[in-house]
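Presented sequentially are two complexes of chain A, the first with chain B as partner and the second with chain C.
Here is the complex of A and B:
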């Protein structure tokens, strides 16, 4: 095979390749056309709901109840966004979501990183049990634990408290991040740490100053996973937060369901404000997200 | 790898381990305890031990058996839908070259969008008066009149399945794409030279290489489907007439609407049991498969 690629035939000038392509049999050209068609439909299906969210947010009140619907955004309606910010507590809700997400992110990374390091670099009694427990947490339905958490949070006074939500979310997302970071640490050679240890560095210094920078892309991936777990979470938030001022955006937006005082374009404007940062973030940091997803799921 | 006895690993692991004991193991134990009591949400401290009554009630209740059936349909639908859609997307993405590679980035969008806005836009798109889906299906001649997708017993579950698959297939697409990139080109070339058809190349070259990824995906999607609450809750709350009530929806309804914490916990324990069995089966099958591969290599 390798030899083949060195023969003059496959090094033929690109013009002749183009010529060959022009004369490609009809069947193949049809095939290619079909591929593009299918790909085009797939991309439309993929993007349409998000597009429709934006279109609906930019639709005048009178056009919302038109059927057939208006298929293009009406950019003269950007005022809907101003109205949404004024008429709904969306900014307060987003701030609450941000607090929850950042809190979850910090707690998760701190707890998970040290545990992942120990799992990766040491052999110790109870390691198997700990590893299994991490996996087992993923089988637990959040809805089962919501009941005991409710009782626990009443006695600790953590209902309507953003800190309580951070505690709960961290418990669910941390095990995933431990696996993700463990497989990252597995992938870096141990020699650097050994030499630092011989130089007399303490384990804590080794972990924070040598290992952490080496796996920083995976830490970023873990941070993204944890952040968006907190940003999106709904079940615990809707159960434990009854106070409107403490609602995160997920619960706030869900409260629009069956609500007739807020027009659909404002609901969608609020949805866009809540959704777009997540999408932009994911696309911008795609490399980390993807490697994290793949490592955390397949190797874990 | 250090094997010497040392306290260091325990010190590193202690915060995470204690955290999980306090906020996972303890609540789980508490959930199991509640499941054998008649605790009510209104008097959470006054529950009394009633043995397995909650479980007996559930298993003799035809509505609960319906819930199990709905859960099964939803789970299988999610797995098949998300794996097939993810596989097709991954095969397509794998063929993108040059500038069009950038299109791969788009696939992550449904996965990035938070669930609640997804539920809201889906509700609006499926609206029975002004929904764009009804308009489109009539425009291309599939429907004659508007359908109330989410409030019709026969269409609510398929609609929720479609929305769920849209939202989760990017995950399988990304995982499968990563696996596809691990298929050695030489194998394809060899198969091409042998004149193998495209379908056979897929069956004998691609599929075996990505099979491990497909199985772990199946496991993950199964467990997630058994756990999924928010999307279904915001779309239908389990209705109409219980046609979209999965285990976790039933759990939440029982505990927080009917105030029967004990009964709700029993439903949750059953759900946890099902996930555990499925995971155990996966590991048994996987270790057998690995052993078989080792034997084949040894021969």
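Here is the complex of A and C:
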């Protein structure tokens, strides 16, 4: 009886399964094609502003407002890059940006790593509250904090000081990096550290020789976050730096915008120059971040 | 009252005897560890001699790993003292104790090669503060690793453990057994005072575990280094240990040789935890002619009966401990044998484990399909002897081997 009722039921899906198998290659091909199409559209949408920036920088003044717009770069206009490098202090601004970004990056990683280690490994009263209050800076908009920061910077003599910007940026980006590193350190078996203790490693050696290399992908990810925060921050930089010589590139770029005239192609050329070091930094660290995704699966 | 002057001028016989006594390699004296209200290790005292292989055995959560971690210095001691080679060590740092620890999950450094993993303890011995400087540290660690002394020692240990071919490989590319050997190698290169091992075989499959177990025994025979080994596997404990410490709820239940612990268990917990199958414990009472087991009387030798009589009274009753090999399956009409019915037969290949429910005068109130009858016992029977479920059989018990336990406290009543 049971078999009688079961047989037709079990036959029906097998027929449709066979049909599915027959159409499988076509479906797979269609599915893959659709994936490529969506990915291709996403890439075009994401890269078009970058492409437009390059095209605009290599467009003659007279063609800037032409319709239909020029879609291909005019390489005869490459001199605008030379003009930008020679006529403007962009290299100084880039150097300032590099000092701020690298400074933010180093301060953030060093402070956040040890804070994350303490949060991950030590048990102390108020640990949960401490971890939560780290995010207090993230909960308030930067614009709200500009005025109190300005007052603080005046009293500390940090106006027009790159170090001051490094401090301000570090304070803002550190909480994110602390939590990023904390979750990475949580994943290291505590026995690995205990083993190092027995092998004669001091706490500092354990942290530098064992823990840091094991969380290096997360350190690289944190470094990228901190670097870009320092590199492209604008609000604090434009408020706390009034001296032209101490300007970072983000503020310098904005200074191209005149009252009556905006040299669009030159602004775009400066933007290309501005993005290049950041891209190089990202590419240099990117492989560590990617390798981290694989390294995480290795058991201690 | 002896003055200090007397002692220096003329040492007493007791003092001389004390000097002759060898100092234990590791001595635990009333060691206690509490976590808030919970006592993980309660007043444990053990002396571990030089070159001894001591196994701490017990079920999960009995405090054996905590005790081992306290010896290693990874856990602080709440009370009592730990002496290593006669020196108080409970407050010293783990590396000052000169003990090596092998972890259950191996705890290899995943970002270092096998060679670097093994040489890490030796590198740490020569590590200086300026080695933290990036670049300098890398170069100095590399040069320490390449010194003839370190290379020679690594090669020697790798040779013993069969790791020569794997020295350049990363831990992630090794199998469980190989990782275990690397962990052992890292412990061995230090040439420590003692090895501490926390369930090092529990992550291996059954076949590899048996193989590695015999390898560990060989290494111990070769190195003769004092070893404290924690396990919950009583087969490991019995086969590896010179001495076994059985623990339950943080307390040391018994400490002795495997044979002693097996044959003379200090209490019913040890009797049932050690041995497969566990020791049979049958409720019994003392009567004029012998021991009454559920209405059947066993007649031990007069001297043994006297021992039981001294330890217990006729009203109290006691638990009669019979190992499965201390009873022999005989015909039901055999004289001085207990009679019963076979309730189950497990064929183990070379022998079979037969469970016999004794014929008792007490009413059988058990309705469960599981055999939970308190007058049932397991007996080993050679596989040549055909045994059928439901068969009436006799059990000839070697009464001289049996052990008696107090019904309430569970403590052994039989002098060992």
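The working rule: the second predicted complex is superposed on the first by the 225 of 300 C-alpha atoms of A that agree within 3 Å, B and C clash if a C-alpha of one lies under 4 Å from a C-alpha of the other, contacts with A are read in each partner's own complex, and residues count from 1 in each chain.
Keep this in mind: a contact is a pair of C-beta atoms (placed from the backbone, for glycine too) under 8 Å apart; a residue touches a chain by one contact, two chains touch by 3 or more.
Remember, predicted model here, so these are calculated numbers, not experimental data.
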item	value
Which of chain B and chain C A:46 touches, first, second, both or neither	first
Partner chain in contact with A:122 - chain B first, chain C second, else both or neither	first
First (chain B), second (chain C), both or neither touched by A:283	first
Chain B versus chain C, judged by how many residues of chain A each one touches	B
First (chain B), second (chain C), both or neither touched by A:29	neither
First, second, both or neither for A:210, with chain B first and chain C second	second
Partner chain in contact with A:189 - chain B first, chain C second, else both or neither	second
Touching both chain C and chain B, counted on chain A across the two superposed complexes	298
For the chain B and chain A complex, residues of the former touching the latter	1-3, 6, 8-10, 12-13, 15-17, 19-20, 23-28, 30-31, 34, 44, 88-89, 92, 95, 103, 105-125, 129-132, 135, 139, 166, 171, 174-175, 178-179, 186, 189-190, 212-213, 216-217, 220, 223, 226-227, 229-230, 233-234, 247-248, 251-252, 255-256, 261, 264-265, 268-269, 271-272, 275-276, 279
Interfacial residue positions of chain A with respect to chain B in the complex	1, 35, 38-39, 42-43, 45-47, 49-50, 52-53, 56, 64-69, 71, 110-112, 114-115, 117-119, 121-124, 127, 130, 133-152, 154, 167-168, 170-171, 174-175, 178, 190, 203, 207, 228, 231-232, 234-235, 239, 249-250, 253-254, 256-257, 264, 267-268, 271-272, 274-275, 278-279, 281-283, 286, 289-290, 293-294, 297-298
Parts of chain C lying in touch with chain A, wherever the complex brings them together	72-74, 93-95, 99-101, 103-111, 120-121, 124-125, 127, 132, 137, 171-172, 186, 190
Residues on chain A engaged by chain C in the complex (per definition of touch)	189, 191-192, 194-201, 204-205, 208-210, 213-214, 295, 298-300
